[in-house]
Amino acid sequence: MLDKVGIAKRIAQEVKDGSYVNLGIGIPTLVANYIPKGLNVTLQSENGMLGMGPFPFEGEEDADLINAGKQTITEVSGTAYFDSALSFGMIRAGKVDLTILGAMEVSENGDIANWKIPGKMVKGMGGAMDLVAAAKNIIVAMQHVNKAGESKLLPECTLPLTGVKCIKKIVTELAVLEVVPGKGFVLLERAPGVTVEEIRKATAGKLVVEGEIPEMIID
Amino acid sequence: MLDKVGIAKRIAQEVKDGSYVNLGIGIPTLVANYIPKGLNVTLQSENGMLGMGPFPFEGEEDADLINAGKQTITEVSGTAYFDSALSFGMIRAGKVDLTILGAMEVSENGDIANWKIPGKMVKGMGGAMDLVAAAKNIIVAMQHVNKAGESKLLPECTLPLTGVKCIKKIVTELAVLEVVPGKGFVLLERAPGVTVEEIRKATAGKLVVEGEIPEMIID
Amino acid sequence: MNKVVNNAAAAIHDIQDGEVIMLGGFGLCGIPENCINALVNKGTKDLTCISNNAGVDDFGIGLMLKTRQVKKMISSYVGENAEFERQLLSGELEVDLIPQGTLATRCMAAAYGMPAVWVRAGVGTEVAIGKETRVFDGVEYLLEMAFKAKFAIVKAWKGDTHGNLIFRKTTRNFNMPMAMAGQITIAEVEELVPAGTLDPDHIHVPGIYVHRIFQGDNYEKRIEQRTVRQKK
Amino acid sequence: MNKVVNNAAAAIHDIQDGEVIMLGGFGLCGIPENCINALVNKGTKDLTCISNNAGVDDFGIGLMLKTRQVKKMISSYVGENAEFERQLLSGELEVDLIPQGTLATRCMAAAYGMPAVWVRAGVGTEVAIGKETRVFDGVEYLLEMAFKAKFAIVKAWKGDTHGNLIFRKTTRNFNMPMAMAGQITIAEVEELVPAGTLDPDHIHVPGIYVHRIFQGDNYEKRIEQRTVRQKK
């Protein structure tokens, strides 16, 4: 079973050399720390920046330089700034290669719900609907079950949707799964020490298990 | 009867303090030379510039700095550059206060034809269709009759249109006219020494003459 | 072409009760602090505010919420504000939540004279309810309308007397498309310089889009999430 | 993220006969001289060129017309070229004339992932023939489709190894929207610098839009209409 860092480390393996990546808030943000050295990866922040660096050193924070999570950050070599319209323009035009974000629910056909719980205060969808509608490749980082112990991988989402048929891959504390519309959650890898049966129990949607399922390799 | 400079001088009187103006090729370009001193007027060039200055001094031409007529020009204090998409964006958004351009024909309801003569090589409409479709106020600078002696102020345009119901005012070598859709060419001023009868003879469309028509004052 | 006004109070003097206004910034980054304070002082009421966020309880648009000046927020994310939540739950405040990219693009549409734009965000979700949809090349889009706001209020880093604006780092955000989208655009800047001072190649918003400009003062530039790393 | 290629020949090596390409510039201002020469040398044929203008007889796209490499021009104004006129009248060359702003906006639509845009230009004229029209707020618009071009070829002033571009004066023109509109964007620059050299606030086209970049040489930068005034 993976902790949050483990999930981030596993997702980091999906990041390709030379790619542009948008990281959501939470676990996705951690992914930046584990991108293999030697890979050239540029982080896009949808508030208007390409080439997002790490947090600043204490005392070097700049109020004019934040990421989409409103955290103080830094530049890297080759950073470019732009406005919000162009930022979502490049996302829609398919220039961002990979988006990693959290979710409350994902369905068998790749629908995602991650912005609204009826009856609770709704804070807004931010840029999530734009990102899931446009990114070429979307990976969800989330816990396999919610705090009530209910599976978040469902036949159909029960919460209001953020986007439809858009999620390609899910990495949880238990497994790596590919979402194949018309087929279901195809199990690709098990977390260290986790059995297929445990994954099956935690998955409410259709789980597809084909052949031997390897254990993830995480250093 | 006015010469080209006279037409330009008369149109220059229409330019308001604090306005943004786009000048077409030909007589309209001359208007810049006669804008009354003391007025703050910013010239927009649709290839991507606000704050167009005069031609450069000999030897100071810059190939990277041209106007929409592809002529070498200069900056003024407060110039800004931008791309062609934003340039037409600001035109469409109604930020340019006045457009002055030439025409082959103008109709009683304000249609204009100025880009194509069937049977002749067509060079293209350039930015004229965009400008006439979007500018808030459009003044045409042209000769009252063509080289064959035929009126260019018509009941309806005979040439392919550039835009419909868009021309507000016309200044020719003979007259200043307002175009009032449903009414016709309302005669506002006569050129020095020109009679209403001469203007009527040169105008094929409906000419509206109300009361005494004053003579233009041009210094 | 001198567009300089004396201060924030002069810049916003004719914003009436019930007006629709755009306010630039992302979170607290690049917000028009001086104009917000002036609106609080003026007490303008029943405002509809188009702004990506709603500030925090004691800063930014939160100040206008506290004084009940806002009738409606049009935003993408409003999560850092307890007073906002209270007013929303009590029904005192309307909120229209729309995707962030759609928000930006509806500003841009106004800036570029487009009446409407086709966007994918929200297709198949409740955001699509009541909206026209259309398939281009096998992909479904929603028709989203350009914003119409009488006033846009933005904050830039530098500006000149002609209204040309330059932003610094991630403050361009919504300030830039909103600056170009307002029927009347008010810009406050940290440094106001004479026309001719700024490099014409560095200008982000050409002055034709800006109607009033002034140099603000006492910028707090508050940081919402101060995240740092330790020096090793 | 190093996008540097050796030269124009390497940058355009995979442009095939029959391809749709965008070429930046306005008149002869800011045209990708090196890439045009490389295309002439390579002899790529049957090209559809989206470019505001068509060069002059012995410079710019005119060089590709002379060698009969262009099947179709999509432009707003093609007037300064005798060879162009000859090929057009003889039926060797197709030409699609569209309003300049529409041309720019169809590039921008591609750059921003918009499938189509509503524009007023051409309403009531022959440009509107066969196009969908629609009235918004009492004003009629045409639906114009985003361009799809496999390659965009642009010229910038400075660029870095990540593909970030900066233009000089009126050379931004069609170079900027086209740089962002190509599926594969090739940029030639007068000065190529290491990433980190350019001020991130001054970048006109972020590198994410640029796939190949090289420092060109022997720029002629020809002037089409040399207009001057005399010193008094």
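Residue numbering begins at 1 within each chain, and the chains themselves are lettered A, B, C and D in the order written.
The working rule: a residue touches a chain if its C-beta (ideal position, glycine included) is under 8 Å from a C-beta of that chain, and two chains touch if they have at least 3 such contacts.
Bear in mind the structure is a predicted one, so any value in this text is a computation, not a measurement.
Asks: Could you name all chains that are in contact with subunit C and with subunit D at the same time?
Replies: Common contact partners of subunit C and subunit D, which must touch each of the two, are A, B.
Asks: Go through B-D and A-D and name the pair with more C-beta contacts between its chains.
Replies: The greater number of contacts lies at B-D.
Asks: Compute the distance, rounded to whole Å, between the mean C-alpha positions of subunit A and subunit C.
Replies: One centre to the other, that is 28 Å.
Asks: Using mean C-alpha positions as chain centres, tell me how far subunit A is from subunit B in Å, no decimals.
Replies: 56
Asks: How many Å are there between the centre of subunit A and the centre of subunit D, using C-alpha atoms for each centre?
Replies: Inter-chain centre distance comes to 37 Å.
Asks: Identify all positions of subunit B at which a residue touches two or more other chains, and write them in rising order.
Replies: Residue numbers touching two or more other chains: 75, 81-82, 85, 88-89, 91-92, 134.
Asks: Among the residues of subunit C, pick out those that touch two or more other chains and give their numbers.
Replies: 105, 108, 112-114, 119-120, 167-169, 200-201, in rising order.
Asks: Of all possible chain pairs, which ones touch?
Replies: Here the touching chain pairs work out to A-C, A-D, B-C, B-D, C-D.
Asks: Enumerate the contact residues on subunit B facing subunit D in the complex.
Replies: 45-49, 54-73, 75, 81-85, 87-89, 91-92, 111, 121-130, 133-134, 160-165
Asks: Please name which positions on subunit C make contact with subunit D in the complex.
Replies: My answer: residues 105, 108, 112-120, 136-137, 139, 141, 166-169, 200-202.
Asks: Which stretch or stretches of subunit C touch subunit A in the complex?
Replies: 26-30, 52, 75-79, 85, 88-89, 97, 99-105, 107-108, 119-127, 157, 167-177, 204, 221-231
Asks: Would you tell me which residues of subunit C are touching subunit B in their complex?
Replies: 1-2, 110-114, 160-162, 164, 180, 194-196, 200-201, 203, 206-209
Asks: Mind pulling up the subunit A residues that touch subunit D in the complex?
Replies: Touching subunit D from subunit A are residues 18, 20, 40-42, 44, 50-51, 75-82, 85-86, 88-96, 134.
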